[in-house]
Amino acid sequence: MSRRSIGEVMLDVKNISLSFGGVKALTDISFNVREHEIRAIIGPNGAGKSSMLNCINGVYTPQQGSITFRGKTFDHMNSREVAEMGIARTFQNLALFKGMNVIDNIMSGRNLKMKTNIFQQALRIGAAEREEQAHREVVERIIDFLEIQAWRKTPVARLPYGLQKRVDLGRALAMEPQVLLLDEPMAGMNIEEKQDMCRFVLDVNDQFGTTIVLIEHDMGVVMDISDRVVVLDYGKKIGDGTPDEVRSNEEVISAYLGTSH
Amino acid sequence: MGPFLETLIGGLMTGMLYSLVALGFVLIFKASGVFNFAQGAMVLFAALAMARFAEWIPALLGIEHKVLVNLMAFILAMGVMIMLAWVVERFVLGKLVNQEGVTLLMATLGITYFMDGFGQTVFGSDIYKIDVGLPKEPMFLLEDVFQGGILVNQEELSAAIIAAALVALLAAFFQYTGTGRALRAVADDHQAAQSIGIPLERIWVIVWSVAGFVALVAGIIWGSKLGVQFSLSQVALKALPVVILGGLTSVPGAIVGGLIIGVGEKLSEVYIGPMLGGGIEIWFAYALALLFLLVRPQGLYGEKIIDRV
Amino acid sequence: MAESAVSASHGGALTESLTFPQCLLAHARMRPEAPAMREKYLGIWQTTTWSALSTMVLQMAAGLAARGLKRGDHIALIGDNRPRLYASMIAAQCLGAIPVPMYQDAVAAEMVYVFRDASIRIAVVENQEQTDKVLEIREQCPQLTDIIYDDDRGLRNYQQSGIESIDALLEAGALYEQAHPGKVRQAIDEGGFHDDCAMFYTSGTTGNPKGVVHTHASLILPSRTVSQQEGLGPQDEVLAYLPMAWIGQNIFSYAQWLINGFTINMPESQETVMIDMREVGPTYYFAPPRVLEALLTTVTIRMEDASPGKRSLFKHYMALAKRIGGRILDGDPTVSFSERLQYQLGDWLIYGPLRNALGMSRIKLAYTAGEAIGPDLFSFYRSLGINLKQLYGSTETAVWVCVQPDGHVRADTVGKPVPGVEVRIRDNGEIVVRSPGLLREYYKNPQATAEVRDAEGWYHTGDAGYFDQEGHLRIIDRAKDVGQLANGAMFAPKYIENKLKFFPFIKEAVAFGQGKSEVCCFVNIDFEACGNWAERRNLPYAGYNDLAAKAEVYDLIQDCVNQTNADLALDPKLADSQISRFLILHKELDPDDDELTRTRKVRRGFIAQKYEVLLEAMFSGKDSQYVETQVKFEDGRTGAVSATLRIANAKRQQGLAKAA
Amino acid sequence: MLYRENGQFKTSYQADQQIFPIAQDRYLILALIAAAAIVVPFIASEYVFRALLIPFLILSLAALGLNILVGYCGQISLGTGGFMAVGAYAAYNLLVRIEGMPAVVAILLGGVFAMAFGVVFGIPSLRIKGLYLAVATLAAQFFCDWAFLRIKWLTNDSASGSVSVPELMVFGWNVDTPIDKYLFCLGFVVIFALLAKNLVRGHTGREWMAIRDMDVAAAVIGIRPVYAKLTAFAVSSFIVGVAGALWGFVHLGSWEPAAFNITRSFDLLFMVIIGGLGSIMGSFFRRGLYCDRAHRA
């Protein structure tokens, strides 16, 4: 299977430092992401991987550093803008909307694209109805893509973990993102589920050309599917390069031997 | 200058009482995560009990010695409050462990209705007096500083002193006693506390009893001031802004908050009230608290909230 | 009047002798806007009308012609039930080519034989998975020129030559049609009623599969007769959810579909079949016993979790239904009014909702066949008021040999011969059939053909059975499997195995005893049922083979075996073949290990040699035996499992024959 | 019981996304409404209308409004009584101060005022969460209690804020008999229920639920908490305000601030939470009038 061609740098993170009341979560992290590539950020638990993502999509505001996306540079990101610029993400410890079913969860990812005003919605005639239907179809394509048809109307809270992860991915895909940030998409899954998830990630990257930044704490899976890897440890960057380069990196090895997983 | 100081002191003194009631909230919230709306009802209930026992005892036992009577009445009332605490734990909270905040809040609302109804059926619903012999006649301070000096209501003063003492006591209890430590452990993490063998049920009963005790004292003080009547339960509503101002989980917060609200309220009533047609202290406290929260959402001493995802 | 009544009952159903493509055109002409198929896709039921379908088919046929498909060529269909796979089947038949549907879960290696034997020219496949399999075997199959896929997910970047999407094929078809207008139509007109139209490979219990060749006539004639007998018509709804490679699927939702012009509904995916069934509410339904079994299990499990009140209500009314439900369905006049009243109440409270939950509210006619069905299971559905009937047939007879007529439905017979079908029992007890539905031949295998069809055109089913006094056919077993014990007494392993399998706790059973003095058997426990049973007794178990080895489970199974023996004892012919010893296998018998056929029939011979050690142990009276076996995992890897199996004794009843 | 989904397959998203996809549900609810509108007037006594049905309808309307805030957007409010009061008094003022103001318009505008008021007091919700917010909303309650008692202008200078409305004329229909009043309220409830249901099943509704269930995730998919929360406050307090106006105009006729005191707020919150916890009453509401999330499942 031929993989898509990797393009220019689209997302550039420079010297990011973040701390919570004295506790340093990230120290002077820099790395970049190229168009269409699968970029992994790995590191032991608590290495600051999630914090990194949270800085990128504006959940946290770093004390120092800047983030450049498609030529625009920000010293801090605003979640809304980030979403509008086409950066979507999934969450490590499922952040689904528990009270809604699968369709609505994924539908909520279409929110930015829905334009009818509150009065049209209240009357639900014409535009509003048409809009709902149009987006429903998009959502159904995602459901089909993720093979969760059997659960489309199940409240997500009732789904097994592996499926919830898929819905989470679905919600992100619904935003038709250019960059997809995946926070430990395979954490806590059994082998089949992991294989499925890998397949989905590759297919997304392959079919929609979506650039993917994914976080994992265990190297195994990630190394096979990612083009380049950043390694964090205790909030510091200790390695960056192709999977092979990283594998042979002394610091990385020691960091990993140091942690059990 | 004189009038200002007067108001200030007045404010501080009522503030002390707010702190007392607020403390009731904080204790329970810390220990069981319950936002106890029933606190006000408890005050009324306790006061009613106290007042009525103080009437019944002489009638039944023919004891006339006032101090003795009040003492017995106090003990009985306290007993009632402990019973109440046990009932609440046994039949309400015990069933609602790990429920959402709102549900618990609603539960305490239920308790409120129950206690209002029950209390008034058992103890009657007229206006009763409590007389624990707090000095009534006003006194003047610093007469040599300004002419006329500062009028201080002795009753309020003594009340404030009692409240202060009690607050200090509780704070100490919370900090230094084993039970206090257990309480804080529970407050931090139910499961963990349970796993290291702290008996939740007992802790909760204790907390509610303490809250009951606080309510009783508050009830006596307010009661002997305003007379024991339904409006007493509104006291709690005045303590609410104190709690959120101070931070739901902070004992010092409750104290400082109480003082701030007390003073703010009095000052506003005196200096702003007239412009707005008076009676503004019922909402001014809230407005104050609200404004404050906008600056510090977690209250004065509450822990900072960090969203982890 | 009478005429109008007829046309009302099955107006639109075709009675002339048309080939399938001609049927399609007829329907497109008569009822262009009526729905031909629906597929649940993207969350809603996407409908294809007859006219739309015929347009698609013609274009597809043109496309196939453009790819050089000629009369007599073979074309493989691999995949789940998908509208465009059905369309491609008709399209192939338009050109007089012969579609060969295959099981989508077959592994590449298994496919090679069929591809070579039938010298497949073109393979129309569902998706990437199937495409990869076919690519794997392509160089072994020189005649295979084109692979055409329906769903292009993940296939866009396939560079290999000779692979294209159906969309591409359709475009090619459009061009071809412009180049040679009317060519396809002409081909359709040239098609003869007695031409070959499809080929089905029988997963023979021994040796290589054989290609059963059927003509339009052989598939249509008996199906039409039954359709009329059962009053099927355009108004009916069918759920197409069984593998296309299976003749039954082809009869129920292809042949009868094109004859009667009803609507076939295709589920969204394998997981959603239940949901989709509930939405569609088919009126005409087929399910093999194992599916009905699974449905019943889900119901019972759900009831076990229900509130006590509900459960007792359920129990009460199910008891009532068991008593009179079936009789009411059979139109038995002896059912009292009050009973009918109670039943009606039960229908509101229990049966109705239950039928709804099963998706069977609208069923007018349901068949089951393939293997013998448990009496309890069978009567459960009938007692709910669902007209479930048994039928008897095989790939070679285009299914229809016997069908149970309404009002005369028994759990232990397969009913009376279908009009136009002659059935006889030979002296050795074998059932032979003469019918318009018989296969034309085994493909490229005259010798095999000769073996099964004698000079007078009787087809030898290989099944042993007899007609009971009411003229209903009873099947005992495969004729060749009906053997003898050492003492000459009759030994019908399948019959015994079925009796065992009727117990919910037993998934599979294999009985041995040919030429021996006694009967022994292997048992596979039903993991789900036994698992629940164990949990209810809070009996911990690690997994299948742990559970299978538990003493309690052995006792449980022993009861089942003893009861079976009791039954057998009642039948003088079979009293001697009671089971004397059994063991519970440490692994589930599995088609991937060739222990079962794809249709989950046990391969007794194969199993016998694979587990020789165990057999010897059993017959030599040991009470335990160590065994090691190869297993194949889903991903194709192989590994070994080993265990020491306990061999238990069963209680044999005093046979009545001897008692008398 | 007679529930039969078999054969009710959907061939379009419109059909699949309608409020009650199962025909039986549709008929049931229509039957209920019809019964309420046609049958009840014949069987219920005057007393029942006055004491039960009318207050029941108006309070369920208020509860419906509150549920949008609490149930869907997850923002606890103890100021409902206050919002009702604003609705009632605003409507009253419009009616008495503006010549020829139609009652219905006054009532709806009353809702609009309540909406504005609600939005202002909703602003804290952007910073404050959960119980803190609950208490903060009490500010609204007490402010209203005070304002309508002390600020004469608001009550058209009537003593101690007690006011009364002239008889209710709705486009020539004189709503004075209990039955009229009942039908009048029923109309409001049905229409608002429908509109509310449409909102919560539209993307605004999803925004609210998203904020309620997981606000961080909501922000990350581009939902603005400010907008979501304030719209929730706006819609909620509009409906509550209308309910307040009805309470004053239709149920009481003449009232004073005490009619909308804190106990009312608590009662309503009770209704909603109990409803959420699935009591008969509550579940009836949730099934019949509110959007029933479980039903979508």
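By written order: A, B, C and D. Residues from 1 in each chain.
The definition used in the following text is that a residue touches a chain if its C-beta (ideal position, glycine included) is under 8 Å from a C-beta of that chain, and two chains touch if they have at least 3 such contacts.
Just so it is clear, the structure is predicted and the values come from calculations on it, not from any experiment.
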Between A-D and A-C, which chain pair is linked by the larger number of C-beta contacts? A-D
In terms of CA centres, which chain lies closest to the overall middle? A
Relative to chain A, chain with the most remote C-alpha centre: B
Determine the centre-to-centre distance between chain A and chain D, using the mean Cα coordinates as centres, and give it in whole Å. 40
List the centre-to-centre spacing of chain A and chain B in whole Å, with centres computed as mean CA coordinates. 49
Just the number, please: Cα centre separation of chain A and chain C in whole Å. 45
Could you work out how far the Cα centre of chain B sits from that of chain D, in whole Å? 34
Multi-partner residues of chain D (each touching 2 or more other chains): 12-13, 16, 216-217
At which residue positions does chain B touch at least two other chains? 307, 309
Touching two or more other chains - residue numbers and ranges from chain C: 40, 43-44
Give every residue of chain C touching chain D within the complex, in rising order. 38, 40, 43-47, 237, 265, 278-281, 348-349, 352-353, 355-356, 359-362
So in the complex, which bits of chain D are touching chain A? 12-14, 16-17, 195-196, 198-199, 201-207, 209-210, 212-214, 216-224, 231, 235, 293-294, 296-297
Going by the contact rule set out above, which residues of chain A touch chain D in the complex? 57-59, 79-80, 82-84, 88-89, 91, 95-101, 104, 107-112, 114, 116, 118, 121-124, 128-129, 131-133, 136-137, 153-155, 158, 171-172, 175
Using the touch definition from the top, list the residues of chain D that touch chain C in their complex. 1-13, 15-16
The answer for chain A against chain C in the complex is residues 1-2, 103, 136-137, 140-141, 143-145, 147, 149-150, 152, 203, 206-207
